[in-house]
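Presented sequentially are two complexes of subunit A, the first with subunit B as partner and the second with subunit C.
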Partner chain A sequence: MTSYFIRRFLLIVPTFIGVTILVFAVTRLVPGGPIERMLQEAAMAGADVAASTSGFAGHGASSLSDDQIDQLKAYYGFDKPVIVGYAEWLGKVVRLDLGTSTRYSEPVWDTIKDRFPISIFYGVTTLILTYSVCIPLGIVKAIRHKTTFDNLTSAVVFFGYAIPGYVVAIALLTVFAGNLGWFPLSGFVSDDFDDLGTLGKIGDVAYHAVLPLIAYLAGSFAVTTMLMKNSLMDNLAAEYVRTAIAKGMAFRRAVFAHAFRNSLVPIATSFGNNITLIVTGSFLIEQIFNIDGFGLLGWESLVERDYPVVMGILVISSLLFMIGNILSDICVALVDPRVKFGSGEASQ
Partner chain B sequence: MIAKAGSLVGRTRSVLDRVAPATRLNPLTIKQWQRFKSIRRGYWSAIGLGIALLLSAGAELLVNSRALVVSYQGDWYFPTYGDYIPGRTFGLDYDYETNYRELKRMFSASSAGDWVLMPPVPYDAFENDLEAGVYPPYAPSVASRHFLGTDTTGRDVVARLVYGFRLAFTFAAILLGCNFVIGIAIGCAMGFWGGAFDLLFQRVIEILNNVPFLYVIMIVASVIVPGFWTLMAVMVFFGWTGMTWYMRTSTYKEKSREYVLAARALGASSKRQVASHIIPNTISVIVTFIPFSIASGITALTAIDYLGFGLPPPTPSWGELLSQGTRHLESPWIGGSVVVAMVLVLLMVTYVGEAVREAFDPKQFTYYE
Partner chain C sequence: MPLLAVEDLSTAFDTEGGRVTVVDQVSFEIDAGETLGLVGESGCGKSVTALSIMGLLPKPAGRTVGGSISFRGEDLGAVPVERLQQVRGNRIAMIFQEPMTALNPVQRVGRQLAEAYTLHAPGASADEAKGRALELLDQVGIPAAERRLTEYPHQLSGGMRQRVMIAMALASRPDLLIADEPTTALDVTIQAQILELLRDLQRETGMAILFITHDLGVIAELCSRVVVMYAGRIAEQASATALFANPRHPYTQGLLRSIPRLEGEPKTVLSTIPGTVPDIGDLPTGCRFANRCPHVEDVCRQRAPVLEEAAEAHRVACHRWRAVEAA
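Coming up: the complex of A and B.
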């Protein structure tokens, strides 16, 4: 078993290289990279000298000779063939250096680090709310299978499942923020956040978080609730629960002492994947609500051709994704001692 | 056996029976169809979806700026399909396509007995119907026949929705076809051969699953304006893995069962084992996947269009309408109509999917009252 997990961890390496080389090659082979973007911006800034901030921008694009462009390319490493460039990039990543953002001219890691707290806030809150609502709801639905309560909640839960989170987000934004004005249109906190007291700060964050949280929850609710319900029903139908009840055990006790514990196994299979959700958030939802998190950073850096940041985000998210998958399997192995990984097909 | 199957079919009076009375239906198929029908929510959703698809297939007859019928000086014209009819045909003074709404007004003003029959929504998805002195978007109005209003450039929302739906559904269906062909072929091969081939593709799938495909689409879209097929190619490139993985697992399971073993013992070739034994027995996996793949295809296309990296304007698209809706919250009919349309379509697709899954893979629970 241990050897299986060691092998899984080692397999991260080829996959990681495959993923990064693919995206790296795409960013290199596609024209219109960061240098062109800078020149374009410099051209715009050149017309408005006061607006120029970085050193070369003030000269305007036309005054930038080919020589200077080559220097710039060399500075960011765009002058080498893809494979060499990739090897250099990888060499730096191994030394925990993600490079320099072409947009902010600061280390990529610092740029990314700043966005973590916001994404983690949404991730953790979503996680806690999902599990604290879905598990009890799933239990009740399983016990009251095919009652009005079950059908009614199924309809609601299904609704959330069918509709993608970003559509929920747009609907909420249109109704509650745009027309009724109950909630703010965008952002993580208000502009006057720093002037508020501790309670005011908490209130402010919560006030801004209501709509995005609903959008985040809409999708995850359905999956977890139905997983909980179905797996509990499987277990309730199993012989050992019937035996327990036949022997006179109280139904409540049979559910909680026997069936419930066993039905947590499928829930555990998805637990590890939450690590990705916690950190990365949703691209679209962050974009719709203009929340300055990890997803929005990815989007902005793509639009602005800030490829070092794009690659940095890819490194972190793909590593987390793979580690999350392995953690899920470890969780399953911990919860269910019958699971033996590494022996043939069981590894799937 | 045949007679028995026939009588079963007769008793169910199913649609299948009317469509193909001569084919001998597998009793299992009949049972699955009955189960599907008994799940009311899914059954009615399937009918609703079918009607929606039929209507959108003939959308030119319902939502179009071209007239259905024009009667001019005793001759009848049907301009809906085919080449455009120049204005001169109807005694107008221009050679470009006739403006039928204008023609209708003209004919009804004169008393020559000519008439124009317009579709219920007399606008197509591309024309900008602008009123003098007022900027679009215009609010819904029955009088102007913009039943759901217009978007920010004066295009009819109903027309954009209907044609957008048709496009999105077509896209999702073709995407599904491509993904399934590749997925079934590679998945079966992986499960059937195993070994190095399996290992290689396992890695490939893992890599593709890890690449955020929106990133790639965005990078590609920033260089070339992606057309229908470019977008399709990128989405197939990243999309085939899901089906492949499921087919791999089920082929793997089926392969080790006695009936395949028996076929092999009788000397069936690998091709025959896969094509006539394994695939028919994994059909439930394949069928169950269809509705959910359609839903995810529509969702993905809309998301890409919403972000502005999808089909080029002025293609009618739900995503583009959604982004207009979020930018113009003061015109709630834009965002509202798309959201409602999406909710309806995706709910129906998901209900159908749920019913199909129930029908093909019934799970009978015993439960305590």
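Coming up: the complex of A and C.
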């Protein structure tokens, strides 16, 4: 188990190098030449893009100053051969020097770092709520397959799944924040957050989080619930469950003593995907509720052509993806002993 | 009183094409300590018969639609499920065809073994359960038992797994072991070892065995009495010696002719039974073997034969058994 763990983590290094080569290649090898060209094109196309996205951040069309372009060139090492440029850049990335945001004129890492707590809060909360609701719900649905309860919850869950998260978000916002005024219209915390006591702060965050969380969860509920249900149903029909009942065990008990852990294997596999939600978030939902998370930052940086931030997000999120995958593999290994043994089982 | 009496058992499945009765009025008895063989070709209803006895039919499609199963005089079809749970694994144990899938892949062997014991000895401590598990592994001839307890099923060979299944079945010293083709999935040398083991265990423990197989050779080695099934019904029932010496049903005769024999003429063509089993959803009204029977007559196609006592403890379901015998 431990050696498996270590092997998987060591694999991050070559994978990360591969990812950074790709990201670096984007700055260098894009058809038509280096970043300069990209920036010029962006500046020219800027006017239409800005028009189509008007109503948000506003000052989108501005092209980059010569100063900023020089800064970019220096950061990516355009004055040096590719290999040297890459090596130096990688060295900076490893030290978390991701360049300077052209929009905020501050280090990219600082910009990204500021968004982490918010994204992690929403990501982790979504994750916890998803699993703590979907797993029990899936179990009950599997045991009561084709009963009224099963059919009814399926209808609800699929209804949420069928409607895109941002539509749910807008609907919630209109009804519960707009018309009824029960919840705040936007933001992560209130303006007077700093003056609140600890309890008040927790309450304030929760108060702001209710609607966005519902919007996040609406889509993810269906997948995990049905995955749990189907996986458990498969296992309930498995021969080892019949063996357990043949031993004299009650069916209900066999569900938990035998089938449950087996049915967690696919759930554990999908854990990696879900955990990366933490970083990617959903820019539309963040946009609608005006939450300054990762998704919104990525979106705004793209629109504003803040390339250092875009690249930085790319590097960091690919790193987080890799860690998510490993966590997911570890979860699978924890649930399924067959994964730990034998050699070379690293799941790629 | 026999240990187990199955009387007119009929079991049906609800399928999309309607209800199909796959086991039809099957009756047999098993006495304490004896080995009864249940033989017949694939799909004839052997497993369904066994699962009916255990109350393990796949729900909700399968159900017993007629007859009774009484164990030590207690009608298992009429008792509440809690009572069934006390009988299963405790008085009647069962082992299955596929040792690969019959064990829980994510649980250690020791735990699964101990569970078989503690389910029927609720007061037992963890140490007692472990002790019993070790004892059981030893009993079924698994070396290095202490280490095996901590292993997972995938770390064992097929033969080992079947031994573990047998050990689990023995945990509460059952009166009856139902073995549903326990050697079919194993290779020949392992098959022989498992049969040997079952025979030894029976001698030691005095339990009765209902041994299900499609292999008459295995029956000859293990069983004192035999029930031959064909397409959901009993074709013939006799002591093993009588059945091999004097098979009366044309189906049994065909089965016996299709076994290769050492003493026979080498390189002769093995005879097979011509034709195929009728579809279980579309059975003829008369004898189910009629379309393949060399002795068939009009009466066979019109009326289904009932079991008749052809000789002492030798019953056969054939209209023409007298003529068949004379031939």
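Some observations on this one:
FYI, the second predicted complex is superposed on the first by the 229 of 348 C-alpha atoms of A that agree within 3 Å, B and C clash if a C-alpha of one lies under 4 Å from a C-alpha of the other, contacts with A are read in each partner's own complex, and residues count from 1 in each chain.
Keep this in mind: a contact is a pair of C-beta atoms (placed from the backbone, for glycine too) under 8 Å apart; a residue touches a chain by one contact, two chains touch by 3 or more.
Please read these numbers as outputs of a predicted model, since none were measured by experiment.
Contact with subunit B, but none with subunit C, is seen for A:170 once the two complexes are overlaid on the shared chain. Look at A:179: by the touch rule set out above, it reaches subunit B but stays clear of subunit C. Put simply, more of the residues of subunit A are touched by B, taking subunit B and subunit C as the two choices. Legend: residue contacts after superposition of the two complexes on their common chain; A:317 is shown touching subunit B, with no touch to subunit C. Residue contacts after overlaying the shared chain place A:243 against subunit C, while subunit B stays out of touching range. In the superposed model, A:298 makes contact with subunit B only, not with subunit C. Shared-chain residue A:84: touches no atom of subunit B or subunit C.
When the two structures are aligned on the shared chain, A:13 is found in touch with neither subunit B nor subunit C. In the superposition on chain A, the residues of subunit A touched by subunit B in one structure and by subunit C in the other are 237, 245. Residues 54, 56, 58, 81-82, 85-90, 93-94, 96, 98, 101-107, 115-116, 119-120, 152, 154-155, 165, 168, 171 of subunit C are the ones that touch subunit A when the two sit in their complex.
Listing the residues of subunit A that touch subunit B in their complex gives 14-15, 18-19, 22-23, 26-27, 30-32, 142-143, 145-146, 158-159, 161-164, 166-167, 170-171, 173-175, 177-179, 185, 230, 233-234, 236-237, 245, 251, 283-284, 287-288, 298-299, 302-303, 305, 310, 314, 317-318, 321-322, 345, 348.
Residue ranges of subunit B in contact with subunit A, taken from their complex: 203-204, 206-207, 210-212, 214-216, 218-220, 222-223, 249, 252, 295, 299, 302-303, 306-307, 322, 325-326, 329-330, 332, 335-336, 339, 342-343, 346-347, 349-351, 354, 363, 365-368.
Remark: subunit A residues 237-240, 242-250, 257-258, 261-262, 335-338, 341 touch subunit C in the complex.
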